[in-house]
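Next, two complexes with chain A in common: one pairs it with chain B, the other with chain C.
After this line comes the complex of A and B, so read on.
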């Protein structure tokens, strides 16, 4: 199965309605592109279960997951701290600063944990995926793999998707916990909420459903981010208006932008389906 | 060692991540709280409005169990609530179970006054004396229409 991105049709004869046909051309391009993305995703997900993938997956868990830990922890700590600060000043107006724990924990576990983790990992690892695969494409290393009868999707893309599916939920769990500690730092140590009631509220308000919905989101985002970034890098040579090194830059940019937009859209969709 | 550096770091990462997941699921998700060291008691209420499955059951203000199930007893026109109470907590047959509210707009919980006159209740027995929750909206309505003198 050979996957190609959509090609736009150009001809020399006179176009009666140039604007309308431009719109149509764009629409066809978008539809073909998303179809190619979907086939790319299915193919590389199937390829995960081929033999001898485990060492490659482990290598990518190191680069995607382990090396993102520090930035995720830092962002999580400060997100929790700012949540504690902001929510305290809102809740104290209603005389219910005691529920700070549940407000911080629920917003972290349900929403902010998965989304912010996915965006941070996109910025750190997703851009690297697109740039790395993109420069392998323009220096014809992918063609070399193909001539050696190594499937480039199986060798380059599948391990990255599998590593993302493993890493994203783990990073999300770390983000949630360090965020709750951040809320403790500002809410309890700085602003004087009762420590016992903070942790009691955290424990009593978070239900199993909240945790599972957070992890479902993390897995969905993992598939989206890794697929989109690898797709953009893999088809760097089919960029419409740029080639060579410039195309690597363009595909890295569009990989990050498209991933972030799709994270936020799919977050809404997943939330409305799960509620 | 150098050859396996990346694998080792990835292994440590996965291990710490799994620990975080386990903490989230077990401590915050409360997967198996009071599952083994608990016994069941029942109580009949005329209304359990606002009470939820999993609401705390308290005695002298200390949590001793949770609400496990709520059903309608159609022939007798009342609600049956099932409690899971920690083993070792002794409740007598003249105990009073009342549904209360934490704060003015807080969650509903069940408060048990253990009594002390008669026999100790055995697992599966019924707390006969109960108090249903105060209907604040109804009170306000009565006050507004001047029935409270």
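After this line comes the complex of A and C, so read on.
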């Protein structure tokens, strides 16, 4: 199955309605590109289950997951600490400082954990995916795979998607945990909220549903980020008006921007479906 | 009629409004070395990429054993592409893998061979390409020439039936260039694969090719044997082929076959009726065996050194020489009759044994400790004014060849 991206077609003929024509062309381009992205995603997902994939998946779990741990923990800790500070001052106005634990934990587990983890991994590993695959494209390494009877999507894309699906929920869990500890540092140690009350509220307010919804989001973001980043890298040679190293740069930027936008849009969609 | 292995029928390829291939019709037959020559940017690589399906034609179709490749189902396509290997112009090595891993990669990914067998196969290629010292290095740490050899090793490691070489000798020095061509020729004879080659190494590439395809301005203007190409009359010959031949002559001091013939005709014009002259032919016997024992690079060094020695020796008595085949050199002695030429050959034989072989051994860096053998044959044939076809005289000289020198296990005889 050959996947090709949409192309805008320019016509030499005089057009009486240039604006409508331009909009039409852009709309066709977006639809074609979305279709290509969807087919690319389906093909990649199917190929996860091909033979000889496990070593590649493990390799990418290390580069996408393990090597993102530090940055995720760091961001998680400070997010929790900021939440602790901000929410404490807001809750004190209503005399509800005791529910700080609930507020911090629910914000993190339901929303901030999956979203911020996905954005951080996009910045660190997603950009690397796009750049790596993009440079392989322009140096004909992807063509070389094809001539060796190795499906480039199977070899380059599927293991990254599988590794992301495994890594994102784990990183999200770490983010949530360290975030709650961050909230404890500012709320309890710095601002004097009772430690027992803080942890009691965390335990009593967070339900399995909240955790599950956070993980569902993490999996959805994993698929989006890895597919978009690999797609942009894979079709680097089809970037408009950019060639070679410049095209790799454009692909990487597009991959990060598009992933972040799609994370936020899909976050809204998934939240509204789960609530 | 023999069915072509690969056939292009009316293949046209355009990029935007630029037509790169224009109604291409060509045939490539099984077990032959077909060389595509043409100017840079003329669509040679584009043509090659159609064979492996990296590009699809806008018009026309490509047949494999009579079957259109675009109509193949997945199983048929898989069987077809399994037999094809492609060596890219820019090497396309995997930059995050070492040299060893790059060569082993197609075996690891597409076969069920165990680790030990893969290692053996890769090590053999590393030895043959003189890459064993860099097996743990990454492509970016290697010179352009070495990268080329890694790419060549990777193309050969799966023992394919059809190999597409996209400028395999670019970036190599003259000795290594000929060594690579010699290696391709030797493997092709030994393994019997079909080689489709893009090369600018004119005339050297003609010696290993069974078929020449000349691509000019998007069209195949010639396809046939190298011998037929020599007599092909077209501006392409003057513009492109001759300029490459002249460059080669400038570097080696030895004429190309075509210029040799031109010089021969000029000599005939100056000769009076009944004036005699002599044509000689020298052969480095069992060149493939020599390459197998010493390596292709050293084999080429021996050949190169011998060619220069012959040219220098016979040049002093007014002779001119040319390379006639992979391991053959011809000379014309315009001012000598057969008796005189026999004396010159005897002198040459003595000097070659006394001094020349030492020079060749030194230049090729052959050491006494290693055991190798090479035999140099020489033969003469007399001709006279009016005999215009030199090939006939060369055949006669070939029949008269006898041993003029021999080296066995470092001993000159």
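Just so it is clear, the second predicted complex is superposed on the first by the 275 of 275 C-alpha atoms of A that agree within 3 Å, B and C clash if a C-alpha of one lies under 4 Å from a C-alpha of the other, contacts with A are read in each partner's own complex, and residues count from 1 in each chain.
Convention: a contact is a pair of C-beta atoms (placed from the backbone, for glycine too) under 8 Å apart; a residue touches a chain by one contact, two chains touch by 3 or more.
Quantities reported herein were computed from a predicted structural model and do not represent experimental measurements.
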| item | value |
| --- | --- |
| Which of chain B and chain C A:59 touches, first, second, both or neither | first |
| First, second, both or neither for A:70, with chain B first and chain C second | neither |
| Partner chain(s) touched by A:195 [first = chain B, second = chain C, both, neither] | neither |
| Partner chain in contact with A:139 - chain B first, chain C second, else both or neither | second |
| First (chain B), second (chain C), both or neither touched by A:206 | first |
| Chain B versus chain C as contact partner of A:148, first or second or both or neither | second |
| Chain B or chain C, by number of chain A residues touched | B |
| Chain B versus chain C as contact partner of A:171, first or second or both or neither | first |
| Touch list for chain A against partner chain B, complex | 58-59, 61-62, 65-66, 69, 96, 105, 109, 166-167, 169-171, 173-174, 176-177, 202-204, 206-208, 211, 215 |
| Chain A to chain C touching residues, read off their complex | 52, 135-136, 139-141, 143-144, 146-150, 155 |
| Residue numbers on chain C that touch chain A, as the complex places them | 49, 52-54, 78, 81-82, 84-86, 88, 90, 92-95, 105-106, 109-110, 158 |
| Interface residues, chain B side, partner chain A - complex | 6-7, 9-10, 12-14, 16-18, 20-21, 23-25, 27-31, 56, 103 |
